[in-house]
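What follows is chain A paired twice: with chain B in the first complex and chain C in the second.
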Partner chain A sequence: MNALTPLDIFDPSSYPTRRDEEWKYSDLSRLLREAPERFAPVELDWDALPPQQADGNAVIVNGGFSQTPKILANLADRAHLTYISWGYPKAILGHQGEGHVRIEAGRKVCIFEVYDFGIAPEVHRECTYVGNTALHFYLEEGAHLIRIVILNEPAAAISIRRSTVETSPNSVFKQYVFSTGAKFQRFETHVRHAGHGAEVVLDGAYLLKDKRHFDMTTRVTHAEINGTTSQTIRGLVKDQATAVFQGRILVERGADGTDARMRHQALILNDGAHIRAKPELEIYADDVQCAHGNTIGALDEESLFFCQARGMDEATARGLLTHAFVLPVADGIEDEEIRGKVLEFLEGAGENFHAV
Partner chain B sequence: MAAVKETIETVAKLETYEHGFVTDIEMEFAPKGLNADIVRFISAKKNEPEWMLEMRLAAFERWLTMEEPDWAKVNYTRVNYQDLYYYAAPKKKVGPKSLDEIDPEILKTYEKLGIPLREQMVLAGVEGAPKYAVDAVFDSVSVVTTFKDELKKYGVIFCSISEALREHPELVRQYLGTVVPVSDNYFAALNAAVFSDGSFVYVPPGVRCPMELSTYFRINAENTGQFERTLIIADKGAYVSYLEGCTAPQRDENQLHAAVVELVALDDANIKYSTVQNWYPGDAEGKGGIYNFVTKRADCRGARSKVSWTQVETGSAVTWKYPSCILRGDDSVGEFYSIAVTNGAQQADTGTKMIHLGKNTRSRIISKGVSAGRSSNTYRGLVSAHAKATGARNFTQCDSLLIGKTCAAHTVPYVESDTAKAQFEHEATTTRLSEDQLFYAMQRGLSQEEAVALLVNGFVREVLQELPMEFAVEAQKLVAISLEGSVG
Partner chain C sequence: MLSIQNLTVSVDTKTILKGLSLAVPNGEVHAIMGPNGAGKSTLGYALAGRPNYNVISGTATFNGEDLLDKDVHERAAAGLYLSFQYPLEIPGVPALTFLRTALNAQKKLRGEDEVSAPDFLRRMREIAKSLKIDMDMLKRPLNVGFSGGEKKRMEVLQMAMLEPKFLILDETDSGLDIDALKVVSDGVNALRSPDRGMLVITHYQRLLDHIKPDQVHVLVAGRIVKSGGPELALELEARGYDEYLGVAA
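Now for the complex of A and B:
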């Protein structure tokens, strides 16, 4: 089943440690030694005053996370949700929330989620918060859900964003995640092919610098026949940053006709940055096509030379090549406006990535 | 193709486990169970130096505090460590000088297994036929080592580890436990405490060992565990190729085999280690069979050293085995070629670790898993590069083949990189036997079993090529036999 490991940020005894295989490379208990203080609930009456605009935008602050389904129900099929987490220097405040979203049969929904911070840029560095959120999606027959997520959180934040997805026959779930990491950031997605012929895409890109940590964990279970899963994760790390990719594809007995492909490609730009990858296949059916690939390497010196030979200075050439490395992930986004916003984010992230 | 023909012939023989017989000879056992006295008993039995006993006792103390690992994807009834014999040796006259003094039943056993224990048997063969020096380990002790004298002319030491402890204690002390420390893991600690025999090889600087060395392990007695310890040292510029084979009788209860193999390669040395593991796999229902919990590790200590592991794993009820390379020396090379075939109720969790510490170290992993019946076959591997391992390079390919609807194949690779100048590539695929190819082969007159054997041998060909020739033929037959009854 799509069960997430129980985790209550206000109960330190529930924090996973390195000894939990699923959290082997992301040791929460080491970073978070004690429970954060609870955010004072945001005094807003969501029923009376849904903070939404006619164009499908909603801004959700801290504890309002669990209101997500209600807000989504009120929004158009194309929703832009901005989750703002307030952080304060020195004080560690936490919030957590969970929400269940059902996409009705045949409906096509596109959700654009942005996880952002609500503090002036000059105080970002010291600002911290602990966010632990979970969204559960149920796709009815033939439903489409396109989910685009931007994780733009401050360097000191501890953020755990988890979701589960359950498909029905012939439904489509496509997810694109873009991250710049945080002190500790985990994006975890569990997908269960509970209906035959479902199509799942789980793409993502990350750009990590300084001491940021990003953990992309996915668990895909094929429980029904003829499901397809395609996953491409691309990323860059430099300085002392850590990128973790844990992907698992499980094909249950009888899930014949499964076609599952997983690919993780990463570049390490300097010694001392870390990449931990664990792409797993667990197969109990024989009429399947499953493959995974994982590559880790340095920026191609020949390409760099090629660019420089054409008059580019080294910094520009590096910027161009690294940008070109993560860009293809955004190409899969069909919605032009959202793709534009993602490209804008990637460009900003790219510039910031190379800034000293 | 002769090899194909041979495969087909072997399949036609329809024998499932031809090594399942028991040899009836007089044995000497230590009392059942495990405690410090048993450890002392084993050490005394072997006239070991004091430091060895101390090392054993320290390992035993450590083992008592450890827990049996449970992270592997295998399910089995836990071993009752107090219900085993830790020492079982054929009763024999003190130190047989020649083969004639060895119990003829043992000789017959090896004859039946096709292992040449008489040097003349090998020499009497076709002119120019390659020679094999054999160390034969029967339950807890080494019964004979052949070609010792000829090897001595080259300065190569090849003997049982008990003999090495008596004759070359300084060499053993220098290297034993330096690759696999006693506290490395649960089974390694157990082995360090109670190991009874195994092989020792030392190849001096610049010597290319003139013949293939090989050890043949045989478990015979009931309720015994086999704990062998192998130590191979290739000094600067030396080369050695070592083969290992294993069989056991067909019994209803599970038997434990917990070995430790340590390889040390100094500057420019090259060690090739091949295993054909054919322990009794248990019956189709999963009754009986060997638990194969083995720790194998190579330390490429010197610059430009190379270690190559090749394994063909067809036997054992449960396999837990990860032959690894620590690539410490600059420009050192580690290779791992593996075929793991599981059928019936067998479970295998096997793979490798390539730890890149030195500069420009290279490693290559080719793993082919074939699962049939209700078996489960897992590749588990780690490739890691330390921040100083600039220029490290790894290529990994893991392919799994599924035959039938009730088997399982898993791939669990761990890749950890801390350096910008390393290049790691990993590829894995899982598919079933192609219906088209099967149809094609059968249309040309092959029976279904022959066609499967042919296709599977094609699938594992890349690894078979790495084995010494005689072993390759043997392994090819073994793969075909192991898959018998898996289709239709």
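Now for the complex of A and C:
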């Protein structure tokens, strides 16, 4: 049910094409013609790390994802994970990795993931790399997992970041994803409400410029009663950037009391930028509340007039409102320090995003 | 002096104001009362320059300057402040940021120096205190999740910070309970001064108990059909607009 499409970046025959419905708007095979060179994960010896690294910060280089559970087991309930991907000029290097994380019953964990070229030496920046990683989360009864993700990858990167989540009764999974895209970037999350009364939040924001491509795909299955899913995705695209939003919520027969809401709101800032949005609700239960909304367009004219009536010229008002458009997504993050970091990221990414 | 002559305004294809004339000298407070659909809010929007409010004919000047010629923000910088009946929620923009951006934009257009952050905050604190607004509220996105009363207090706070030369209050009393009405009225009264005019648009006499007008005008079907002293408001409260509906038709 939660299965991700099999993908091995070292085997071109496994690359999805636009004929695959799930990958219709993000055609990997067109960008990646042949397998990259293998760049082995840098396996850090977690036990040997100096103690100051055990304060909730960990750096994972080139997809050493199998280490994630070990790292999390060692970390406090609030973990800051930096996933660094390196490339080299004139070579296309690839890495892939997978990790399984179980959140024990009643435990509350907050994971802050940053995908970055981070502390990479200059030579690695803006290099092409192909990263294909997956994390699998299992939430036991009453467990809470708050996952905040910043995708701050270079323009040349090809990046596929996928995850699956399985809930248990009364567990809580909240995810907040913030992206600036890449040459090709797909963030895919599959959630299965496998326990009754679970609460799921799948929020996110993207700010795309130049020729960047970002694909936010979510698949939520309500298989048990009284589950809630709330999703708000907001985005800005300019230049020749492309955003893809594919959201599907499936409510299985018998999953009564489900409350599922999906919203995608985006602004296209100029001709030439694209958004492909495909929200889907599939409902087989009777007693459910489901809604989806998708708005792509321009700034609210009334808000614009309000700002101008207070003295802002049109460009200033548009700049202020455009920049502010994605910020409310961060408001859901309770951890103040992490929210501060997210806002900082959005501030930086949002420069020069003026609606025209 | 705000001077309006024969102003005709249409919204979409409908003509709302039909040759309205009005003069409000500096230092005076004039009230505009009228039934629903008379064009009260349209007058405020047309003066502020809202898009789609098309001036078909007539003039509006402020201290001799043509208002209708100017862009929305230029009217604000010239000193015109329209307080909205339903102030908008601006998600993602803290009230402090919004107001500082607006203030500095006005100052820039007038060729004045920008206000420094410490000066801005000091002044903000004083005004917020007098309006019983918590500084924490000003760090939150403007009006998002605020109650009706809080939104109106924010409007008064903005007036006090921006120091406009002319205020148009569009149904500032709507959605206010008695206590909030008092706080808001006190805030507006504190801004009364010999060089500042005000136009108070309202349905009810109640607001005029708190903000005492020098003159009251009755607006029916796009025109001023009667003007008088404050006693006119009491008269309207007692008898309603019926007798004027015939006049307009």
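One rule holds in what follows: the second predicted complex is superposed on the first by the 307 of 356 C-alpha atoms of A that agree within 3 Å, B and C clash if a C-alpha of one lies under 4 Å from a C-alpha of the other, contacts with A are read in each partner's own complex, and residues count from 1 in each chain.
Methods note: a residue touches a chain if its C-beta (ideal position, glycine included) is under 8 Å from a C-beta of that chain, and two chains touch if they have at least 3 such contacts.
This one's a predicted model, so the numbers in the text were calculated from it and none came from an experiment.
Asker: Between chain B and chain C, whom does A:Glu301 touch in the aligned arrangement: first, second, both, or neither?
Answerer: Touch status of A:Glu301: second partner only.
Asker: When the two structures are overlaid on chain A, which partner does A:Arg107 contact: first (chain B), second (chain C), both, or neither?
Answerer: neither
Asker: Between chain B (first) and chain C (second), which, if any, makes contact with A:Arg310: first, second, both or neither?
Answerer: A:Arg310 sits against chain C, while chain B stays out of touch.
Asker: Quick one: classify A:Asn270 as touching chain B (first), chain C (second), both or neither.
Answerer: The answer is first: A:Asn270 touches chain B but not chain C.
Asker: Given the touch rule stated above, what does A:Arg339 touch, chain B (first), chain C (second), both, or neither?
Answerer: A:Arg339 contacts neither chain B nor chain C.
Asker: Let me test your reading of the model: by the given contact rule, A:Leu327 touches which partner, first (chain B), second (chain C), both or neither?
Answerer: second
Asker: Pick one for A:His196: touches chain B only (first), chain C only (second), both, or neither.
Answerer: Touch status of A:His196: no partner.
Asker: So which one touches more of the residues on chain A, chain B or chain C?
Answerer: B
Asker: Of all the chain A residues, which ones make contact with chain B and with chain C?
Answerer: Common interface on chain A, chain B vs chain C: nothing in common.
Asker: Touching chain A in the complex: which residues of chain C?
Answerer: Result: residues 48-51, 71-73, 75-77, 81-82, 84, 87-88, 90-93, 97-99, 101-103, 105-106, 109, 141, 144, 158, 162 of chain C touch chain A.
Asker: Any idea which chain A residues touch chain B in the complex?
Answerer: Interface residues on chain A, with respect to chain B: 21, 253-254, 268-298.
Asker: Tell me, which parts of chain B touch chain A in their complex?
Answerer: 71, 387-388, 390, 400, 402-432
Asker: Within the complex, which stretch of chain A touches chain C?
Answerer: 301-303, 305-314, 316-317, 320-321, 323-328
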